[in-house]
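Note that subunit A is present in both complexes that follow, paired respectively with subunit B and with subunit C.
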Partner chain A sequence: MARMTIQPLLIAAMVLTLLAGGFAVWAGWSWYGAAHDGSAAYAASRDKVLAAGEQAVQNLSTLDHKDLAHGLDMWQDSTTGDLHQQLANGRSEFEKQVQQAQTVTTAKVLDGAVTELDDRAGRARVMVALRITVQAPKEKPAAKDSRMLGELTRTPAGWKLSALGQAPVGNSAAN
Partner chain B sequence: MRVSTAELKAASEPDPERDAEPDPGRDEGGAVDVAGPDSCPGGSAEVGAASPDRCPDGSAEAEAAAPDAHPDGPVESTPPTSRFRRALTLTCVFALLLVGAGLLFQARQLTDTTATSNHALTDTSATTQVIGDVSNTLGKVFSYVPQDTRATEDAAKELLGGRAAGQYIALFGEVRQRVADQKLSLTTHVVRAGVTRLTHDTAELLVFLDQRAQRDGKPATTAAAQLSITAQLADGHWQITDIRAR
Partner chain C sequence: MSTTRHLVNRQRRLAHAGAARAAATETPPERGKRSSNASKGVNSLKSKAGSEVRAPSLSAGTRSASLRAATERSLGVLRRRVSVLAPVVLCLLVVLLGAFGALAATRADSLRSDPAARNAALTDPARTSEVKGQTAKAVAALFSYNYADTAPADKAVSTLLTGRAVQQHRDMLAAVRAQAKDQKLVLTTTVTESGVEMIDGSRARVLVYADQSSTRTAGKKPETTYAAAMFTVDMVRGSGATWQISGIDTFGQGS
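For the complex of A and B:
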């Protein structure tokens, strides 16, 4: 009885193996195509840049005088290059100022967009609209809408801000 | 009785006389050894030979037999190499299917994401076009001179659609009178615009604007504005359908 079932079983097994092998090859081919799709990688980079840019701009607009060390560490952690150096150099001075003013600054990103992205060079520019609220002691919190232009550079630890400034008002020639 | 025939055979063959002389001492004997000490190979006649308390009825018998006996009797008769090959084949097939499924899942994750369905920046010509159209429209509809508000309104009718058209009519109704009374002129230009989301016919943008206002005889003042814009492609032209101040 067992002998009789072996032949069809063998054929079935071979067909099954072939089908499974074919499926695996096809899947591998699809995966290879997807993994080497330039525009998909570029799109993913763009979204990463926007997320990193918005987060970094928010970090750099947030500071609590009661938690200065952590806040300023965050600032330095969100930046690289010249901006990072600037923040490191001016840190102690800035610490004194904020401790004196006793302000708590919070920020909320309203909208943001990537305006340029060079994925190879690892450079990008973002624009971010945000609302910054400054709470000074015994004063009403003051909210201010702000528009920032940032430049990001890719580092081994991800995209980080290398320059940040207000978008100039009334000076279109500079842009 | 749910005991398989193979089992019955295996149990009864080595010791045919067992049925004739039931003896509790036989627990260690041949028949019980083959089927395993827990099983109850025979029918009611053998209950005495196997441990009687374990198998009071048929169902308990089947239950007790299960761990030791193989229900697929014929497998036992196939040579071990064949069984090994069969297991190997099944393992291979299973492994291939698993690998294939994993790769497909990965491929899908790489291509079928919100990132790839958004053509902002990846489609440079479309990105440039929508920024150009939207910037032009904003410059036209938010610029006016007291002598000719009509031109601005006409431009708005043509270039704005959806919710934005209604928003604009409400806004401009208020402004129109003041424009005439105060001889107010307004010039709007786009400082910077970026596309946050772009599909084949809809787009979302963030726009930084400068608005330069001048009242008759007074120095001009410039104000900053940030707008989130939604636009829709209609007849090859991007029409603004929603404006939100930021």
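For the complex of A and C:
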């Protein structure tokens, strides 16, 4: 009968289905695990913080006297908290200074690292090695390396700088 | 005769329509009962099918015999259809499950091999602080120099450097070594800040801020100068869990 020839085929199909089912379950589990890996999420926010920190530090070290309003808007956009307040308060004074000096300041991020990250609290610290070039009228551009230390805070609009300063030099070093 | 044909045709139609369901139905009465709500003339059909099975021998005679043969024939068709259809359905399942499995496996793999996820900087706190600590120690040892006691500096060079960092370090400290005796120079380097950028297995990259004080005691009054340094070091984990510096990047500035 036809039954005799078809039965082995059916069994083979069932075995294959079982194998495929097992593979699908394993792969699905693995996918779920990888997608919900806590340290992967932490790594992703670490990289996000670094990118945001480097960009913000660069923004705050870039200013063209011919495009002051835009430049200073960018400064305020990159910051939050106390730093944002300071920049907003000192803005008009600073505008005057830069317009008088007629400088064009550009910055290049040489390297950066996240030193602390509290993903839950939304706070992080970064180090950014920066090369700042200041171009004053009728002068040679002067390049200066800066060791920046920044603090970032998470806001609804992403990570923003809440503090920025240079690493102190001298005998203050305590390690 | 026409009634029988009618029934046979009906059975065939049903077999065709309910192929999936048919796997369970081995007995015709079930089939007859289940289909009883189908159309007019159902009652007579039902009674006929029922009597055919329940009392096959006595009254029906030759008519029922031919009916049985027809039923069996149609059942054979049914069975064959199921036997053909089941593997097809299963094969379809295999393809679908396999496709999902392949998709999930590749997604999981790409998530895991993502450079961001592989980088253990900060995500592995123990390893991160180990790298930080060893970097600070290595930098301090390698960039400190005492004209009166050069042994520690020489030992640091021979144990903490590897690869191209050996030559880089030699170039960076050449001036210090040349002048140290005459100026009675003591160079002390302290790492003030360090941030681990990347840890991938036995390799790491660390951004270092360091302060350097150099004291010259050759003159009447000792003079000390401070300098700020920033650079990146590549670290390699050697045997015995010690990290060595394999490369130094001063961003194009002499340190």
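One rule holds in what follows: the second predicted complex is superposed on the first by the 137 of 175 C-alpha atoms of A that agree within 3 Å, B and C clash if a C-alpha of one lies under 4 Å from a C-alpha of the other, contacts with A are read in each partner's own complex, and residues count from 1 in each chain.
What we mean here is this: a residue touches a chain if its C-beta (ideal position, glycine included) is under 8 Å from a C-beta of that chain, and two chains touch if they have at least 3 such contacts.
Computed from a predicted structure; not experimentally measured.
**Student:** Is A:R147 touching anything from subunit B or subunit C once the two structures are fitted on A? First, second, both or neither.
**Tutor:** both
**Student:** Identify the partner contact of A:P137: answer first if only subunit B is touched, second if only subunit C is, both if each is, neither if none is.
**Tutor:** A:P137 sits against neither subunit B nor subunit C.
**Student:** Please work out whether A:R46 is in contact with subunit B alone, subunit C alone, both, or neither, and reply first, second, both or neither.
**Tutor:** both
**Student:** Identify the partner contact of A:P8: answer first if only subunit B is touched, second if only subunit C is, both if each is, neither if none is.
**Tutor:** In the superposition, A:P8 touches no partner, neither subunit B nor subunit C.
**Student:** Between subunit B (first) and subunit C (second), which, if any, makes contact with A:T17: first, second, both or neither?
**Tutor:** In the superposition, A:T17 touches subunit B and subunit C alike.
**Student:** Could you say whether A:P156 touches subunit B, subunit C, both of them, or neither, answering first, second, both or neither?
**Tutor:** neither
**Student:** For subunit A, what residues appear in both contact lists, the one with subunit B and the one with subunit C?
**Tutor:** Residues common to the subunit A contacts of subunit C and of subunit B are 2, 6, 9, 13, 16-17, 20-21, 23-24, 26-28, 30-31, 33-35, 37, 39-40, 42-44, 46-47, 110-115, 117, 126-127, 129, 145, 147, 149, 167-170, 175, listed in rising order.
**Student:** Tell me, which parts of subunit B touch subunit A in their complex?
**Tutor:** Touching subunit A from subunit B are residues 74, 77-78, 82, 86, 89-90, 92-94, 96-97, 99-104, 106-108, 110-111, 113-116, 118-122, 189, 191-196, 205-206, 208, 210, 212, 222-224, 226, 228, 246.
**Student:** Touching subunit C in the complex: which residues of subunit A?
**Tutor:** 2-3, 6-7, 9-10, 12-14, 16-17, 19-21, 23-24, 26-28, 30-31, 33-35, 37, 39-40, 42-44, 46-47, 110-115, 117, 126-127, 129, 131, 145, 147, 149, 167-171, 173, 175
**Student:** Where on subunit A does subunit B make contact in their complex?
**Tutor:** Listed in rising order, the residues of subunit A that touch subunit B are 1-2, 6, 9, 13, 16-17, 20-21, 23-24, 26-28, 30-31, 33-35, 37, 39-40, 42-44, 46-47, 50, 110-115, 117, 126-127, 129, 145, 147, 149, 167-170, 172, 175.
**Student:** Which residues of subunit C touch subunit A once you look at their complex with the stated criterion?
**Tutor:** Touching subunit A: residues 79-80, 83-84, 86-87, 90-91, 93-95, 97-98, 100-105, 107-108, 111-112, 114, 116-117, 119, 121-124, 136, 190-197, 206-207, 209, 211, 213, 226-228, 230, 232, 249, 251, 253 of subunit C.
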